[in-house]
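Two complexes are shown next, each including chain A; its partner changes from chain B in the first to chain C in the second.
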Partner chain A sequence: MADKNIDLEKNNNPQENTGNMFENENELNEDQRVKILSPGMLVVKRFIRNRLAIVGTVILIVMILFSFIGGALSPYAENQSFYKTSDVAKDYAAAALNNEPQFYYANGVEFENTLVKFEIINAVSQNKTYLKGKDYFYTVTEAGEGFYLIARAEEAATVKLDQNGTAISSEYAQDISSELEEAFMGCITSGEDNLSFEGKDYSVVSMADNTYTLCVAEDVGVSTRKVISLLDKNEKLTFEFMRDFELALNDKKNEFEFDGATYTVEEGNSFDIINKNGEEYACVSDYSIQSTVSGGKISVDEMASIVDAITSRKTEYTNPDGVLCSITNKDTRYTITTDKKTRILDTHAKPSKTHWLGTDKDGMDNLTRLMYGGRISLFIGFVVVIIELLIGVILGGIAGYFGKWVDNLIMRIVDIVICIPAMPIYIILGSIMDTNQVDAQMRIFYLMFVLGILSWPGICRMVRGQILSLREQEFMIATEATGISVRRRIFKHLIPNVIPQLIVIATMDLGSIILTEATLSFLGLGVKFPYASWGNIINAVNDSYVMTHFWFEWIPAGFLILLTVLGFNFVGDGLRDAFDPKMKR
Partner chain B sequence: MKKFIIKRLLLAIMILFFVSFIIYALMRCLPTSFVEALANKKAQAGGSKTFAEWMAQLNAVYGLDKGLFDGYGSWISKAITGDFGESWKFTIPVTQKFADVIWYSFVLNVICFILEMGISIPLGILAARKQYSRTDYTITTIALMGISLPSFFFATVLKLIFCVKLGWFDLFGVVGKYHEQLNTPLEKILDMGWHYILPVVTLTIVSIGALMRYTRTNMLEVLNSDYIRTARAKGLSEKVVINKHAFRNTLIPIVTIVGGMLPGLFSGAMITETLFGIPGIGYTSYQAMVEGDIPFTMFYMLFLAILTLLGTLLSDILYAVVDPRVRVN
Partner chain C sequence: MAKITIENDFTPIVHDDKNILEVNKLKKYFPIKDGLFQSTVGYVRAVDGITFNIERGTTMGLVGESGCGKSTAGRTILRLLEKTGGQVLFNGKEVHDLDKKEMKELRTKMQIIFQDPYSSLSPRLPIHEIIGEAVREHNLVPKNEYNEYIDTIMHNCGLQPYHKDRYPHEFSGGQRQRICIARALALNPQFVVCDEPVSALDVSIQAQIINLLKDLQSKYHLTYLFISHDLSVVEHISDTIGVMYLGDLVEFGKKEDIFANPLHPYTQALFSAIPIPDPTVKMNRVILEGNIPSPANPPKGCKFHTRCKYCKKGVCDVERPHMKDMGDGHTVVCHLYDK
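What follows is the complex of A and B.
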């Protein structure tokens, strides 16, 4: 043991060694043994000497670790979406300036036809007080500023008088008692407008030509310019309420009774507040204000502050809960928005400590997607290379060994397969799978299968060419002489001699397959969401906003493809040089 | 020689026959649901033919209602006369659309081809002469990077830098916004040339690698051969050795492979054209394929197959023509 160690030490020092060598000439010395390297070791040595090949190897190791180990180390899953809470301006309420008179009609009133309604509206805007429908009269009385009472009257009697005041003709619509008739005549002479008779209200309307009409009057509606925004959206404003409210307002009363409740009116600058039994009930202003949130209520105080803000042209106000609301204006419409904390997808997030490369459009962590994407891209590369090696080696081996018509047949098949345009077929297949909505995982299998089926001819040609020349060598004659079976001759004695070239071609092909897969995925025809692949990560640039603003989403994937393919090419190149020392000068 | 060429031609025609049969069979393999869904979608568009008419037209051109071999026979007999039917997407005869767009691709490819020759052959020879020097490593690295560069990614990066950040070029299209207002034909050509810059750069960078490495490998082989040693032994200057003895011999494989590349000038660059909006054959056929335009796709696939065949044929023949040492049997 000790002797050996000394020997080894001496070996490390060649100058001392020289003497030693002559002494044990017949022994196989350690340093002699080192000099005679096995062919495999020679290749390794030559490979290591090639700097580019080493760079390529390092790149590949890093990539494989990144993809296969990285995915396991990453705290996130491939399809994990991230959320953030953010202030989103949400529509909160809407207000509209009202210029038009508002009409409220009594419940259950049926007009003769819709035309009458229009005529009433016309009458209000044109300040007419009287109009005649088919069966009824309508009177529009201005009872306050912008406030009109609309009454419907049924003719009970019409009397036409001559200049002396005697009736020259009279018409009675219904049977009316003589007492009423007398009272009616009395009213005409005294010039009174209203008549109460047996608990019924009548009005006497005087018209041109000394004609007087006795009508049964009934209030059917009001028209007002004020807008009352109710606290409770579900409650409806009734005509009676509007009438009583306006009448009270006109009488300068701040309090009125309606339907058994007491309402008080507080006057403000540009708004009034109505309280019902001491509780807030509605806000009166020129604006109609409504909550746009379903089931939401806007307190009367808040309505008042909205109106206040709008009239003083402010764009913000603080609501009673202390939340800042902003008002945007478009013509006479105002939208009130408030920032609400909402949980949304954390899309296109900038790189940060939690997401080193930010997040993508689905709020998924980019770095994690890159790791899983690398797994799929590399996996597809390996599987396709295995498929093409299998087909290529078997067919190439058979063609090369048997020659003659077998060779001819197989080579023609190779010619045909080479001629089949691969890219169009991938694209059509992709769009068929799109139409038939093939499952994302099945797509990957189909993709690998088709890529493999169409890329073997290169390997087949190379294997056949090598075997054609190897077949003629002496060791093949030896195998024939020893009676080894044909299968063993091809796959045990011929193919192993082609392995160096196979390794080189397989390494280079891995790179080009990864490129093809990336291109297809980029076009949206290869690997599809939810699976990540480097190609479909870059697919995000189809949205030009992503391309220009979120470099961290697609640039890294592109560099990973470049580096990986470069790594395979460096290694393949280095291996070729290492296997084939003839290339050295 | 004549016999060889005729033999190769006959072989090529036979291969073409099989390839076209495979392409036809692939089309027949399309799921019926896919074809019918397409025809249905077409029929629903306003002012279009009815579903039955679409299917009838398809049957007429492709013999879908006949057996595989009968259908192929009727299709190929029409195709030989140049009748490929009417494109579904472009609603004009396929060959007419092809004639409209092919020159965009051809010009693009020719420019790239010339640049590729001009850059990769000298660099490849330089790298071989200084094998394992820093120059060699640099050139090899550049070549391999070009091969490894995904064209879609490179094109997008170029667009980001030169179109978006610097604003020198338009993002899409082959002509500028005011192309029609330009006065002289020269200005119009310059405008188109400007739009061709980025696609040309993309295609050239991506494609120089392969030829550069091919040149380097062959030049190395030549430089290692005996006649170069003899030339050196004769005392010829290095210049003469490289330019006369070595270069001419390197040209043999290069001319062969370059000749094989010539038909490819018509094949279009699908990805680059699509990304830059160059309305060439690549972009057009990509649109057609994605939307399932069967007539156009069939034509394009057959066209590509013919180009590939022509390429191999040309390089085989050139190999025999250029190198007198090759004995033809």
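What follows is the complex of A and C.
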């Protein structure tokens, strides 16, 4: 260039001079010249020479491809749950060994109080024959082995005898005929307990001090050690049935009538079987066995095998359908379970060929969720940065260009927005959206909006500062002198000079917004299920079992966040260096 | 603090058609703000009532030391700054009274070339955009002639067509100044304020630019207001010269008159500083004592009396001198020439 200038000086006439220059043979041709690069191209050149920036760019490109293309390539949908069929132990039947006497009471009998019931139970175990309640006597009569009849007796008469057997006093609670009184006295002398008179049963109870009481007795219950398991779960054992059954057994009869049906007792291998009208009705054993499946029936054969298994302390048996059942014992309560094929969610599956990163707690493919999560995380980042750039550049540009009270007003607004504590606001808004049950998709938009609204002041300040300094530059005065419109002055002269800083700050902000979004989603305030975001994928570590056992559920998401933010920061740093013209790398 | 009033007493002048620019008692004060409520506590009197005319096709040199208000005067004339008082008539029209639309029209007729060619070009725009932007803005040429027009302008300013797509950072200072000149001339102005256009350049380039300006002047019939503190440059280019001291135009006249017969003591001191390229000649320099006073608080009476060796006590430090015509348009503001 210098030689041309010398030319100019010699000629003192630029017009001739320029003419000369074209004719000058020493002048380089257009194609021989060093290629002239625009400032933008220079930036690109410097950027490419920055190794770290290229690494960041590659990371970001991979992330963007992974998120936006990956989701389309993945054969699975974002919230597609996977199922597997698996053998699940299901309750099948329950059995319990019975040592305690069982009590059956007549329908409609009401005891004076619950204490009486306990005393009856006590009486049975302690072989007491009678006890006195407030209004009634209760007698417990052993009617067979382990079989007690419980009767309630109302006092009819009490007689006290002297030593010679002469009645000293007598009390009558009811009007008693003289014949009954005689029979009563007869019983006392003969020592009989029961008295039948005019078709009514009476019992004579001898008490201390030679006092005898004549009672009107009524059977109210039985106590038995035998356990009768009804085959049909819908039927119920009644007191009357038990009484008749036991009485028949005591009389060594194998047959008894009850309620119009004929029951036969048949001795089986392990226990007795009661047939009703020739059909199996119930079985009698020390074990009570009942099906726990609704509508399920356990056949006599199966009960026999269960009892066999329990008595021989086996933990398994094969039921008549050929299914292996297992028995677990807990304090003589046995739970019988069978493995049943069930379709269940394939949760926490280990990485495999079908699920490269396994599945999560909802049985969804982790890799696919990471792709969709990246899509949402990056999308939120971009949208928020666009929002904050829009607001920041417009307000900052206005403040910087117009100055004075406009600047003052906007800067005070910026001060106020900066003073708003962001995290509490996010948390409050998150819980407000929780209580209002905001749709998961709308939540994402609200989140973008709120993040954008709260993060523009930094950009606004930067733009304003830059424009304040640029405004005083002579080229801005020149635009005024040449009468260029205000709009063009702002958008063609001021903004392009701010763009380098804008790009740098926006790139850096992208990283930090992705971090904020991840934090919020991790806390359960941001993106919500069914939408995935890297933050709410990491949220799985809330379950410490997942954290320690299923690394593949949360480590990759954390790694992706780290990589992406790192990538944005590398690129941001690279751009900042590249935009700095003093960088001659 | 007493309320500060700005006197704005001037007698409106009648437009003479041979003059392209008539400046009458032009004042530009910058308010000094202080205190909690940023109230105005005083003014910097950057331009304190200057009066001169520029004839069509001539160049007026405006000289003075740094901070005397030369550039402010130039910018106030172009209405890049709003005047505080006085008149600026461009082709007989008051520049500061024009509305927005008229002003935009006038912008093409008055242009400015800045001192610093580095900060006066937007670094993000290619050269053709810098030069042609305003041409398009004002629709000066039809669209199909636009490229040709830009080429012509660039050619006339000594720029090559292949410079078009380059960016300012790829040019030297002299070339940048050519770009600035091209930008100003692209609007086809009648009047150009050259605000120290060569003081940032080295001497050899200064000459090129000065010559370029002169050539363009004759080609486009331009009128220049050439602001400079370099007297030799001013001597070379100017037809008339104004000397400013602390916001006042102390002397104004034809170049020959002023160089041959400087009247004002300040002009004499200033011109005595021009080096003579002959080592045998003993220079008779007038050395001024003290510093230039603050324009915010200028001395009473004649502003120069604090440094003037002819200062008459009781006159110069009390009464403000008025402009006196010493014949042939040579005016001076000094008590020495009171009749």
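We adopt the following convention: the second predicted complex is superposed on the first by the 363 of 585 C-alpha atoms of A that agree within 3 Å, B and C clash if a C-alpha of one lies under 4 Å from a C-alpha of the other, contacts with A are read in each partner's own complex, and residues count from 1 in each chain.
Please note the rule applied: contacts are C-beta pairs under 8 Å (C-beta built on N, C-alpha and C of every residue); 3 or more make two chains touch, one makes a residue touch a chain.
Keep in mind the model is a prediction, meaning the values are calculated, not measured.
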{"item": "Contacts of A:N99 with chain B and chain C, given as first, second, both or neither", "value": "neither"}
{"item": "Touching partner for A:N107 - first (chain B), second (chain C), both, neither", "value": "neither"}
{"item": "First, second, both or neither for A:P496, with chain B first and chain C second", "value": "second"}
{"item": "Chain C versus chain B, contacts on chain A by residue", "value": "B"}
{"item": "Which superposed partner A:S485 touches (first chain B, second chain C, both, neither)", "value": "second"}
{"item": "Partner chain(s) touched by A:S178 [first = chain B, second = chain C, both, neither]", "value": "neither"}
{"item": "Touching partner for A:S196 - first (chain B), second (chain C), both, neither", "value": "neither"}
{"item": "Chain B versus chain C as contact partner of A:Q437, first or second or both or neither", "value": "neither"}
{"item": "Shared chain A contacts, counted only where both chain B and chain C touch the same residue", "value": "none"}
{"item": "Touch list for chain A against partner chain C, complex", "value": "1, 5-6, 8-9, 12-15, 17-18, 21, 30, 33, 36, 38-39, 473-475, 477-485, 488, 492-493, 496-497, 499, 581"}
{"item": "Chain C residues within the chain A interface of the complex", "value": "75, 78, 80, 103-104, 107-108, 110-112, 114-116, 119-126, 133-134, 137-138, 155-160, 162, 165-167, 169-170, 172, 174-175, 180, 183-184, 187, 204-205, 207-208, 211-212, 215"}
{"item": "Residue numbers on chain A that touch chain B, as the complex places them", "value": "51-52, 412, 415-416, 418-421, 423-425, 427-428, 431-432, 435-436, 511, 515, 518-519, 522-523, 525, 535, 538, 541, 544, 547-548, 551, 554-555, 557-558, 561-562, 565-566, 568-570, 573, 582-583, 585"}
{"item": "Parts of chain B lying in touch with chain A, wherever the complex brings them together", "value": "11, 14-16, 18-19, 22-23, 26, 30-31, 33-34, 37-38, 131, 137, 140-141, 144-145, 147-153, 156-157, 159-160, 164, 171, 217, 220-221, 223-224, 270-271, 285-286, 289-292, 297, 300-301, 304-305, 308-309, 312"}
